[in-house]
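Chains: A, B, C and D, in written order; residue numbering restarts at 1 for each.
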Amino acid sequence: MADGGCAAINTKIEEGEGGYILEDVPHLTDYLPSLLTYPNPLQDNPAYSVVKQYFVDVDDTVAQKIVVHKNGDRGIHFRRAGPRQKVYFKSDEVHACIVTCGGLCPGLNTVIREIVCGLHYMYGVSKIIGIDFQGGYMGFYSKNTVTLTPKVVNDIHKRGGTVLGTSRGGHDTSKIVDSIQDRGINQVYVIGGDGTQKGAAVIYEEVRRRGLKVSVAGIPKTIDNDIPVIDRSFGFDTAVEEAQRAINAAHVEAESTENGIGVVKLMGRYSGFIAMYATLASRDVDCCLIPESPFFLEGKGGLFQFIRKRLKENGHMVIVIAEGAGQDLLTESMQSMGQQDASGNKQLQDVGFWISHRIKVHTFADFGLTVMIVADPTYMIRAIPGNASDNVYCTLLAQSAVHGAMAGYTGFTCGPVNGRHSYIPFNVSIALSLSLSPSRIGMK
Amino acid sequence: MADGGCAAINTKIEEGEGGYILEDVPHLTDYLPSLLTYPNPLQDNPAYSVVKQYFVDVDDTVAQKIVVHKNGDRGIHFRRAGPRQKVYFKSDEVHACIVTCGGLCPGLNTVIREIVCGLHYMYGVSKIIGIDFQGGYMGFYSKNTVTLTPKVVNDIHKRGGTVLGTSRGGHDTSKIVDSIQDRGINQVYVIGGDGTQKGAAVIYEEVRRRGLKVSVAGIPKTIDNDIPVIDRSFGFDTAVEEAQRAINAAHVEAESTENGIGVVKLMGRYSGFIAMYATLASRDVDCCLIPESPFFLEGKGGLFQFIRKRLKENGHMVIVIAEGAGQDLLTESMQSMGQQDASGNKQLQDVGFWISHRIKVHTFADFGLTVMIVADPTYMIRAIPGNASDNVYCTLLAQSAVHGAMAGYTGFTCGPVNGRHSYIPFNVSIALSLSLSPSRIGMK
Amino acid sequence: MADGGCAAINTKIEEGEGGYILEDVPHLTDYLPSLLTYPNPLQDNPAYSVVKQYFVDVDDTVAQKIVVHKNGDRGIHFRRAGPRQKVYFKSDEVHACIVTCGGLCPGLNTVIREIVCGLHYMYGVSKIIGIDFQGGYMGFYSKNTVTLTPKVVNDIHKRGGTVLGTSRGGHDTSKIVDSIQDRGINQVYVIGGDGTQKGAAVIYEEVRRRGLKVSVAGIPKTIDNDIPVIDRSFGFDTAVEEAQRAINAAHVEAESTENGIGVVKLMGRYSGFIAMYATLASRDVDCCLIPESPFFLEGKGGLFQFIRKRLKENGHMVIVIAEGAGQDLLTESMQSMGQQDASGNKQLQDVGFWISHRIKVHTFADFGLTVMIVADPTYMIRAIPGNASDNVYCTLLAQSAVHGAMAGYTGFTCGPVNGRHSYIPFNVSIALSLSLSPSRIGMK
Amino acid sequence: MADGGCAAINTKIEEGEGGYILEDVPHLTDYLPSLLTYPNPLQDNPAYSVVKQYFVDVDDTVAQKIVVHKNGDRGIHFRRAGPRQKVYFKSDEVHACIVTCGGLCPGLNTVIREIVCGLHYMYGVSKIIGIDFQGGYMGFYSKNTVTLTPKVVNDIHKRGGTVLGTSRGGHDTSKIVDSIQDRGINQVYVIGGDGTQKGAAVIYEEVRRRGLKVSVAGIPKTIDNDIPVIDRSFGFDTAVEEAQRAINAAHVEAESTENGIGVVKLMGRYSGFIAMYATLASRDVDCCLIPESPFFLEGKGGLFQFIRKRLKENGHMVIVIAEGAGQDLLTESMQSMGQQDASGNKQLQDVGFWISHRIKVHTFADFGLTVMIVADPTYMIRAIPGNASDNVYCTLLAQSAVHGAMAGYTGFTCGPVNGRHSYIPFNVSIALSLSLSPSRIGMK
């Protein structure tokens, strides 16, 4: 199926007054119009009984455009996330599965935990499995799965990694939907990055083509925070906190040495959010190099000139570089070594070693021996458990996904838009071009 | 001057299409119409030269209402924060002062640092003083102040507390404005809570009455996060992170003891945000008691019944209680001991000891010896430095205040509204009633 | 049985050249002379095969007196801990039990883990139970126990508290030894403080009276580090690390306030080691009050005079007070409220609140409003997991106990004496008077 | 001057009863016999007045041999560290200097701080300078130094690194002693590793040859803990704590991936103490490779066989490797790239990348794609401040050095021997062969 076709099916545009546009998500009734509805079991839950107006109004939408002019257009809106008065699954009918794909990210286990606890305590669901053999999409081809209960997941949010395991690639739509159908699964929760969400979109298409009553919900995962439509991705806050530790170490080393230069390489293949936020948070960085902002080494206004200036002024400096920065500057010989990893991401050269080597060679003439420290805390950042802020965020994210699937929505990812959790159609979350610039940080 | 008058002067309402309302902030030209403007020096700053569209459009406003309906009213908007093309102060004309009031809060030093660095590096301002003798408003009456430079504040964000010192109360408007006038101060940055912001509003009124070219900018501080108009207050994220540590300790103690009950008292006089978020983040809490949600002890549906149930099921439990919860339940004899502290906040009884005592007496009949642990990490939470997330937030907050004052706005506080930093008139930030309920957390 | 008799049986004194004295521990062959021995299974363990001289020489002893003179007496020695060539239990004959008593202490779970793993991996033992119903000695009267395997204990060292639960008091020697006999237990590992070790001594006496082949091994636990014969107790290092956090918070609060005084109450009923070490480690403390060093409040050389001096010089100060300091100064009315807790420890008045109240009243005349912060991090300190240093220490401690019991020693506790792990007879570890003074810290 | 001569001058051996040997340190009166003595000013210090027996008996010695036999030899002893009744410097006569050399190590700033505070508060010394231009021995050739006062060093123990800066190599004995003589320095405190202590020994020889009243005191620094004569080196405890974090991250990554292998490279050129202790402390490591224990890759009993076994059993594993492990196995081609760094240490190949590459190639045949994580937390470990335990240790170390120099001792290093701080002649601390084996850890 062509991308165009995918987009066509996915997109449900509605317009309103003042330039109001709703980019809506699919619903099971789009292709199964006669589905029954049931009252939401939450209304009988004593824990929620004190809460007034608990259910989201079906017409609630969330505005993407928040900086507006007096008489301007209202722009794009998304459907608000949250529990609905009516649900499209009976509690004992639900058979949910959860799968985690791609690299590790702080908070993964919290998302898993809260999908399980949300389904169990809010909706009385007891059939939940985890796709855990080898992890990732490949796990669907295996016979083995793990049964997930509140007891099983009780403490997992205090641990890093993912209890389901994870892998890259291995996506065969047909086999996966066969596996879903064979097992009788009717809610699929897919936690993963860009590639994974594309995979989930194709699974949704195939599910729809076969006319199955199966909700496919995506939970977007990218430690790099490079999904423009949502406010931030889970794990990002924890990653920035941890990244600061490496910056601080590089700062101490540089400061203790004559002409010391500390170089810290941080995650960020196509965006420099972790690098920029860690720089803003630590305040010990002299120079932050990110993919969004090209730079050059030699000549006036170049990096070497800036380094010489800072060393003369200050005697030491700290440089933070995102892994995808300066890719165009790497020599052809290095580029020829480039490879593809299993998920298809371009295998980037190690930019930390490259830039350190270049600086060392260059500054030697001016400063003699320059001590260069290269720290790469990537694995230590990925593997820690979510901090308090990410744990709360992952909880809301997981509950949003559960409320959405129970309410019959499908083919959606979820996440906060201007602070309000929303349902976003797959094609929007994937297609939105990355318009990331430092001003987005500075001005937000 | 009566409150009504204050509100009248403060409020600048503008209306637009579709129910658009702008609650604007005062500007120096409101009462000094012939002020000169200057080009913003940022436009010559090489560090910002790469950034396109750096300046905020003068008509940009930020919508408070983000959950909307297709054809609904657009509601209240605030002026967007950020640098303007034109400023109303020349760099060498600015004489700024900074004062911190009230209790400690993680991030205070970061706000101070970034006001200083923002004024210095963005606007070339060199005359900045800190009101530090005794701290707080009382510091204005003293001859001593401290000169603040980027070098002086370089590392302060890594320390807890406030380098300026702080105190409560002591507000004499006339003397303070005399002091401002005598020293030639023309930008006043006031960091503090509700009472402090009220004080700043009155200072602004008096400044205006005297016709002084003095911008008064407030930076709202409340570790409790109880300012409804802004997304969150600085220090809150750090406080929740730290509060989790106490919850975890109480959980470990309770779990290691037969019928162990851990009680953790957390901050929150009128709102339970820290308690609720720490509960959501830790996932080890059985019961969270907050001021917004009344409870009772005895009988069906009471706390004691719930405790008996949990101890029988689980053998131990953890209760989190915000300091302002259950105030109505304290006995009259205890209430008669109530006092006022210097800032006029009601001196609350120690609810942690009270509830522990009541539970101990009550549960003895059922469970014999029940071990009760009462932890109160309040001082350990207040005194730590801001975490990465709060440091970034404090930086944006401080820079917003600086951009606002330079652009001639006055009588405003600042903070993020739906993720976008905005200028909010004093009367709105003070008057907005506290409509805090757990659903605000659950549904956001 | 009288205390005197206990001591008489327990003590095995041997003398040697130059004033050498060995205070030896009992051995099963003292009363079961015909026991068979077996080769230590460690000699066939490939993991240990590379290690030369692995087994401890049976004649190795550890000198308690380490500061000596050229021609002085050699003094007291203890039997060196470690694996012996011959053991007195076959692997499949061992039936071990573990019990934890008294308050929580960082590292408890590591000790449990390493007794289990030591018995399993070093000696091939598979029958190990935990006395966990209610925890403590009372657990022996219950039918329920928990089976402990390396898998069960695999991750417990990363958690605070004790997985076996704990309680105070409840010691009935006869019932406990009946329970040991009925279950066929032949190795008893008792982890607990002073009172617990006394209980273990009496259990050993009764076991010996009944002529049972049961080794009773004590692992001394006191977060206060107040066992003079061993270098330090487990958990102490972690406790000091954590205590520093509270001191730092009090310092920040005091420093941010005019005439601020931070008071931190730390553990230490009869000794001030935690208070002293945390003071030495943090370097932010002006005054550290400990039980070993009497003080007075009023007059020349008194505490109030010192406080006034420091406030005048510095404007703020931090006081650390151990919970047992200044007990003689508490008023009679307060003492009349004294009670006994279940283990018989004197219930001390809260010295933190008392001293704060006294200081506040006293200093008011000189300084007007003095802000006083009282932090008591006791429960947060007790409940954290052991740090790296304590984990290594707990491992060696547990392995020492296991080697000792397998080698047929009984009625002993273990711990490092001048850096070397040793077996110490119960009576020595209990009876040694507490000759603790600051000079022990300063001069060691 | 030949090494032999150096040893001859340095060594002062005294013998006593029962095989007692004292390896004494030099004293200024060895070559300046008519020096005057003064009463120790500590005896008038009110802070110490409560302490009885504060001064160390001049005949106190510390036994190195602590595991002894009934009638065995008493072995080597060292002079006990601590304050003496008589000192050989008047307070206002002292002119001290401090220099730090070699790599960073947690606690460096605490040692600097406590030498300064010890000299100032205990002995009333006010002339203390830091050799800080470029740091290290090279700093002696510069005109610039920094004046060190208690105020200057007040907070430095909370920061990592060294405020004096550091460098390697650059030792010219004659120029250094000229510099000492020209400035009138009479106490030299040298903080550094093996090479640095050798340098200090030669400085002492030259000082003695010139007949100067200059005490030369060494404070041994090696994060690797590879000085056999002292119990542990400062910073080691902190390093192990931090190393555990990297191990934990590698464990999480490995566990989350099918056939995941986490490799953590830790410091340790010639000894594996950090690797071994971190392994013991974390309990998440399957295999720890250290320089002291040779291994091979292929065949029966080789590393590859063990890896295959663990992956089959467990599905993932963690390997810790000290930087100096397996050096003999690196290919000749890699060895040919070996270089010398400025201090003359052999530049080791990166053993982490080498072993990962070899494992990846080897295990591919059995397991297909094996995910390999290589973490190297070296710079993050070196740069953190000392933990509580290291801070207390550094304080005692610095005070020992100060007491020793004031008492006229020279040509010594200091450190704890079996828990008691002692003065050790340079030649002993340097010459003692490294007899490090895992049994030293296991059995201690």
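Criterion: a residue touches a chain if its C-beta (ideal position, glycine included) is under 8 Å from a C-beta of that chain, and two chains touch if they have at least 3 such contacts.
None of the values given here were measured: they were computed from a predicted structure.
Visitor: Which chains lie in contact with each of chain C and chain D?
Guide: Common contact partners of chain C and chain D, which must touch each of the two, are absent.
Visitor: How much rotation, in degrees rounded to the nearest 5, is required to superimpose chain A onto chain B on the basis of Cα coordinates?
Guide: The rotation relating chain A to chain B comes to 180 degrees.
Visitor: Can you work out the whole-Å distance between the CA centroids of chain A and chain B?
Guide: From the centre of chain A to the centre of chain B is 30 Å.
Visitor: In whole angstrom, what separates the CA-based centres of chain A and chain C?
Guide: Inter-chain centre distance comes to 47 Å.
Visitor: Between chain B and chain C, what's the gap in Å when you average each chain's C-alpha atoms?
Guide: 45
Visitor: Name the residues of chain D that each touch 2 or more other chains.
Guide: Nothing qualifies.
Visitor: Classify the inter-chain contact topology: is it line, ring, star, complete, or other?
Guide: Looks like a ring, each chain touching just two neighbours.
Visitor: Which pairs of chains touch each other in this structure?
Guide: A-B, A-D, B-C, C-D
Visitor: State the interface residues of chain D toward chain A in the complex, per the touch definition above.
Guide: Its residues touching chain A are 104, 134-135, 159-162, 165-167, 245-246, 248-250, 252-253, 255-258, 342, 369, 373, 375-377, 379-380, 382-384.
Visitor: Which of the residues in chain D come into contact with chain C in the complex?
Guide: 14, 16-18, 20, 22, 50-54, 56-57, 59-63, 66-71, 74, 77, 80, 82, 113, 157, 231, 237, 240-241, 243-244, 277-278, 280-283, 293, 387-389, 391-392, 395-396, 416, 418-421, 437-439, 442-444
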